[in-house]
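After the structure tokens below, expect a handful of questions from me.
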Amino acid sequence: MKEINNNERADVLVHALPYIQQFQRKTIVVKYGGNAMINEELKAAVIQDVILMSCVGVRTVMVHGGGPEIESLLRSVGKESRFIDGLRYTDEETMEIVQMVLCGKVNKNIVSLIERQGGKAMGICGIDGGLLKAKRISETDLGLVGEIESVNTAILDALIDRDMIPVIASVAVEEASGCSLNINADTAAARIAASLGAEKLILMTDVHGVLHDVYDSDSLIRVLPKEQIPSLKAAGVISKGMLPKLDCCSFALNAGVRRAHIIDGRLPHALLVELFTDEGVGTMIE
Amino acid sequence: MKEINNNERADVLVHALPYIQQFQRKTIVVKYGGNAMINEELKAAVIQDVILMSCVGVRTVMVHGGGPEIESLLRSVGKESRFIDGLRYTDEETMEIVQMVLCGKVNKNIVSLIERQGGKAMGICGIDGGLLKAKRISETDLGLVGEIESVNTAILDALIDRDMIPVIASVAVEEASGCSLNINADTAAARIAASLGAEKLILMTDVHGVLHDVYDSDSLIRVLPKEQIPSLKAAGVISKGMLPKLDCCSFALNAGVRRAHIIDGRLPHALLVELFTDEGVGTMIE
Amino acid sequence: MKEINNNERADVLVHALPYIQQFQRKTIVVKYGGNAMINEELKAAVIQDVILMSCVGVRTVMVHGGGPEIESLLRSVGKESRFIDGLRYTDEETMEIVQMVLCGKVNKNIVSLIERQGGKAMGICGIDGGLLKAKRISETDLGLVGEIESVNTAILDALIDRDMIPVIASVAVEEASGCSLNINADTAAARIAASLGAEKLILMTDVHGVLHDVYDSDSLIRVLPKEQIPSLKAAGVISKGMLPKLDCCSFALNAGVRRAHIIDGRLPHALLVELFTDEGVGTMIE
Amino acid sequence: MKEINNNERADVLVHALPYIQQFQRKTIVVKYGGNAMINEELKAAVIQDVILMSCVGVRTVMVHGGGPEIESLLRSVGKESRFIDGLRYTDEETMEIVQMVLCGKVNKNIVSLIERQGGKAMGICGIDGGLLKAKRISETDLGLVGEIESVNTAILDALIDRDMIPVIASVAVEEASGCSLNINADTAAARIAASLGAEKLILMTDVHGVLHDVYDSDSLIRVLPKEQIPSLKAAGVISKGMLPKLDCCSFALNAGVRRAHIIDGRLPHALLVELFTDEGVGTMIE
Amino acid sequence: MKEINNNERADVLVHALPYIQQFQRKTIVVKYGGNAMINEELKAAVIQDVILMSCVGVRTVMVHGGGPEIESLLRSVGKESRFIDGLRYTDEETMEIVQMVLCGKVNKNIVSLIERQGGKAMGICGIDGGLLKAKRISETDLGLVGEIESVNTAILDALIDRDMIPVIASVAVEEASGCSLNINADTAAARIAASLGAEKLILMTDVHGVLHDVYDSDSLIRVLPKEQIPSLKAAGVISKGMLPKLDCCSFALNAGVRRAHIIDGRLPHALLVELFTDEGVGTMIE
Amino acid sequence: MKEINNNERADVLVHALPYIQQFQRKTIVVKYGGNAMINEELKAAVIQDVILMSCVGVRTVMVHGGGPEIESLLRSVGKESRFIDGLRYTDEETMEIVQMVLCGKVNKNIVSLIERQGGKAMGICGIDGGLLKAKRISETDLGLVGEIESVNTAILDALIDRDMIPVIASVAVEEASGCSLNINADTAAARIAASLGAEKLILMTDVHGVLHDVYDSDSLIRVLPKEQIPSLKAAGVISKGMLPKLDCCSFALNAGVRRAHIIDGRLPHALLVELFTDEGVGTMIE
């Protein structure tokens, strides 16, 4: 990177000022995932980004899953997975592994990194304080996989009011049985953003955003009005893994979240660039 | 159990009243461990006890370790332990397992049980909010095993003031490296009780308490002035596993905790009997 | 009473837990009267009951009259009563006696007993802080006998928020004249419960509850939907002294109080049995 | 009274301003008694005075006894008093009368007058909220007559912070027995003023103040340094009923109250004249 | 002025009590201007009046212009004014003078007088905290003369809650340009009163009030229902300088202010006489 | 300025993070003056700097004088100055001009710029809320020139707690006379910083800082321990205009301010560079 002198640095800070003013005291829910959670450099950058966001007064909430690390422990303990229609069935033993990895490893490691950089964070999951109540998904029997029924935001507000960043592992409680259920982290983030009346929901992904042509990164759709989603689905432009992500965004927007973003977490400091510069990174749905 | 009619029930409640008045708004730190954490019936009873304590206004804090479950996962992943002078060496891989089990499994399962019974709990560890800062123990190199240097009670007070029970996994952060360190749960409880200026530290064990003669359960020392501990050590009455527990108690008492208790967690509702009846269960050190 | 050991005691406490949880932070207004206010043993039991209720977080309010003690002082000062249609006429001199006994003797003695048992109470009447504004009853001219027009609950909330039990003598102020008016304690309790949006109104009486056949104590109606009251009145099942009590209950329920109870104050700890066991004592109207 | 026009009225208000500023947010404890409690016109004037004091931000506390009304009820019930060395012995029956009159009649009537004039007041006694704890006086056995051991000011501050005037009947509780004890109202006021760290203690009396010559009302001592009290006692200038009053003043001043006043309650609005004009009424001890 | 003795003084205070009670915790906005701002004696009286108002709990807000002093500085710097249809055109240089005089001289001098008399005041203008946002008036181009578009009362409430009197110079900000705009002080006061939901708007003038016959001071209209204003305008009774003043009053009343007053600021203590005696000074519009 | 891309921008923000964390919730008092108050571009930059500081949680206070603008108005009104030993004598007429310019023009213009950029500011002077009490300087009779005797920080804390930037014109009140006194803005800033227990006092000047050789800008003393000031004075290194500035710094440091800075206000964004980059601009005294 080229040398940037201190006058230029001051100038950059000053250019960020209107963005800071815009998001101060607003809530932004970040779904943290993908490469940004694996690559050490990207990881460090995300941590710095959320600390800076919190530091300048953005009410910042992190939600995370933990795919690869779960795989790894499942392999270590020699657990064979059963698949139903190509989807993994989450039995009790698997769920125990999921919970240990998400709540005990990934979650605490994020908190540890934030605290180490001078930020303040609290690592919780949907079990704590009754944050996320869920039921098993009804379409297919995938075992202990749930969909959220209610979010108790009181505890989140209490943490944020004390200048702490809530870091949330996407595990919920089934009210009827008391069982832990595995929740898709994108949908957890969307539900939490909706319940908090957030300004923004930001999904960190490993793609450029929504592309007109998935083989052409220049075909990025920068702004996507939610009304256009159905026709883009029909046209096959939105497909595969992008489908559930846009459903999450739609859900959040319909519930009052002002904007949803699908950003490219492979770019260092994608959050800061998205929030505090005049350039967007990825697709903004509104 | 014999039939107890409702008049008798009312009578029992009334007899508990002076004890409730005595401990209301006081802080009691419970180290939860041993059989009471394994046996399902005992476990359910402890959960009910701490909910009741919290419900009647006792500022209740739970601290836990998780020995057997750690063993079990270490075995599952085929991790061989290295021993130094008979003590297990905690390498990075082991520490990761420890953290996953303590913070992801044991901790969340306790919280889940409390919430399920209508209590309110938050599961955290020493990493969250910078609760426990530690350094590696200096006597022997046991790897990632630490001793606490500072406790940040602000977050505990905030939770308790919101009528939540903090459930604390005994994992801390090494400030210099950011590494997680394994902490003995008894000493974690003692340090936390000291920092909170607690009324009581209660260590749940699998023994009757301090016995004059370990082979004679009738030789229980019900009240032990802390000044007598050195002579009892010298006389060999306090030995082996009881030694570090009494050191914890001494530490807490010297730091201003009013009373420390070593109670027999194998008795159902040992906490309630200790606190809300005229009978103690185990040894009270003061 | 048979011996109850400490395990059984713990068990009783645990069985009370769900009831405690249910009523915590809810308001319960108790009309204290009848034998429970005369018999020393019953009196002590009621005091313990309300302290325990307050102690476990029930927002407890006591309202009382003081019939027999008023009679006694009237006799002492040689005051002859005038009767109109069989109802006593309350002239100024009588009202002065009523106020002295209710506010100066009965009220302060209840407070004194509560404070002595470690509870916190404040003895007030409808004059204090403009708590109860009333007008003379209009049907018959009974002198200084009133019906409540407004309740100023602010002062009650302030006391309860400071963990104090308001103990209220049923004397009100006539706004037009500034005169003190005598108020029936049942109706005062009902009005106060309504204004506080209470969870429960509990009237302590000297009967079993509402009986189908007043000569058969086995004919107790345990649960009485308020809709059935008119037909029971028509059938003569509800009559005499029970009539105004059920009118109070109806009034409170219609104003949003969740449940009203007519309980048998002759049973020791009737309040605790009603609230914290699975057995009701008397009739619950809902 | 001569006609005062509105310009003159405004002028009077303006002249009161510096006094209002001086006493705002300061605590003034008024012992209310004597003719000012009997004569209807004087009574109305005192009520207006304390409402005005409270209204302009003076933290006003009233303490009262009730001599003549007690006599009257004792006579009504035909109670014969026993005397010891010329002092009345307060047996249980007498104490019951005292409490009824003080707490049930005098106290509530003062509150009623204040509320009727648009002020806010709460009538309590030393029993309520454990305000006054006392023991029997030790010099002579006068039965249930006490001297104050402790004052719990928390409840007073709570009431004053809500803009209410606490009106306190001078009855206390004997901690050992739970008995009510009769307390001299001057000493109660002095103790309460001391505990509140009051700015002023004002004793309303039926005399001009401290006179050099009790037969010459022109001999009023307007300012009396507390250091001179012993010599005035020795010289017989302070004698009889004035002795205990000056002892109360000395006690309060020694405990940190800034000034004590013995004022002539026979003058209408003596409180306002003393506080809000440049003229004192009676003797100021400092 | 004739001698007023202290009994009479007390009497005057007592007569003011119901008025004090009536306006306590209510907001009164005073437009300060005219002779009362020039004559030293009147000035001192107004200052005492607002301090007294604030002292007895009236939420008092002062709004002022500063005509003559602006003229004087314009003359000193030799600034020639341009007139359009007989109205002065406010160019940039004039506005700078206006702002300096209003915010730097008149405003601070009022604050200084209040502070010197023991009151607490804060001198601000419409620029501070975004208090007054305005646009240029549209009918005629008079340069930097504005009409208020929005009032940000948050800062006023904050000051009043800290027992400070906000003293407001009638300068506002044009949002589009950031220019300062000169605002008529009467309309500023009316807008502020409306935004605060004031109890009263009081305009201090140099006339008796609204007169039926401007040449006959006995023809004062003491109470003027706002509904009669149009007919009085049509009849020519309200004309010239009184027209905009009554428009301000109408605006305030329509926006919820309870009463508006046009009072004669040439009478000393006109505010106190209006508020705290049974006589009004001038015209009350309601 | 060379093009800076968004990655670089994010990088700059991240590099500022530790500095932001360091100064969050700390108080920094900035004396604003010199070229930075005249040159439009520099002025805009300072405004952005203080808004950014406030935005990221620095408790920011601005203090200003207004030399050139005062001169200009004095000239406009044709006021001739009298000099005593080469120092201007401030007579009443001059003080009136000073106050109008400082409080009415300079102060409000700074506030207007801050508000226009989305910041929140309140323009006050030492008269408001009794912020600065002063007496005339005693060494020489310079008329209405004062030195501060006391600072009432309550009002500053209240404003800052509401996220407002207090902008303070250096005018104080002489308690004895109520006269306004002119105060040197550097000393006002130093006194205010001391009273607030500030982290930093920053004096903006038109020089590089303290130079070993005033003709050699490379001789800047970057860090100056306060203990060395006397010897540098003796050596003539600190002389002329730098003398009183360093006296201000010494005063503040001795009163507990952690660091004082003499920075070069001619550099754009000197405040941001000083605070949020690893380079200092000017001399830091500690």
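Per-chain numbering from 1; labels A, B, C, D, E and F assigned in written order.
Quick note on the criterion: a contact is a pair of C-beta atoms (placed from the backbone, for glycine too) under 8 Å apart; a residue touches a chain by one contact, two chains touch by 3 or more.
What you see is a predicted model, and the numbers here were worked out from it, not measured in a lab.
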| item | value |
| --- | --- |
| Given chain D and chain F, the chains that contact each of them | E |
| Classification of the chain E:chain F interface as same or different, half of numbers criterion | same |
| Longest centre-to-centre distance from chain E, chain (CA-based) | B |
| Pair from C-D, E-F or A-F with over half of its contact pairs in common with D-E | A-F |
| Longest centre-to-centre distance from chain D, chain (CA-based) | A |
| Chain A-chain B separation of Cα centroids, rounded to whole Å | 35 |
| Distance between the centres, which are taken as Cα means, of chain D and chain A, whole angstrom | 68 |
| Centre-to-centre distance between chain C and chain B (centres being mean Cα positions), rounded to whole Å | 45 |
| Length of the line joining the C-alpha centres of chain B and chain D, rounded to whole Å | 56 |
| Multi-partner residues of chain C (at least 2 other chains) | none |
| Chain-level touch network, classified as line, ring, star, complete or other | ring |
| Chain D residues touching chain E - in the complex, by the definition given at the top | 1-2, 4, 6-18, 20-21, 24, 45, 48-49, 51-52, 55-57, 117-118, 267-269, 272-273, 276-277, 279 |
| In the complex with chain E, residue positions of chain F that touch it | 73, 76-78, 96, 99-105, 107-108, 111-113, 115-116, 120-125, 127-130, 155, 158, 162, 164, 171, 173, 178, 180 |
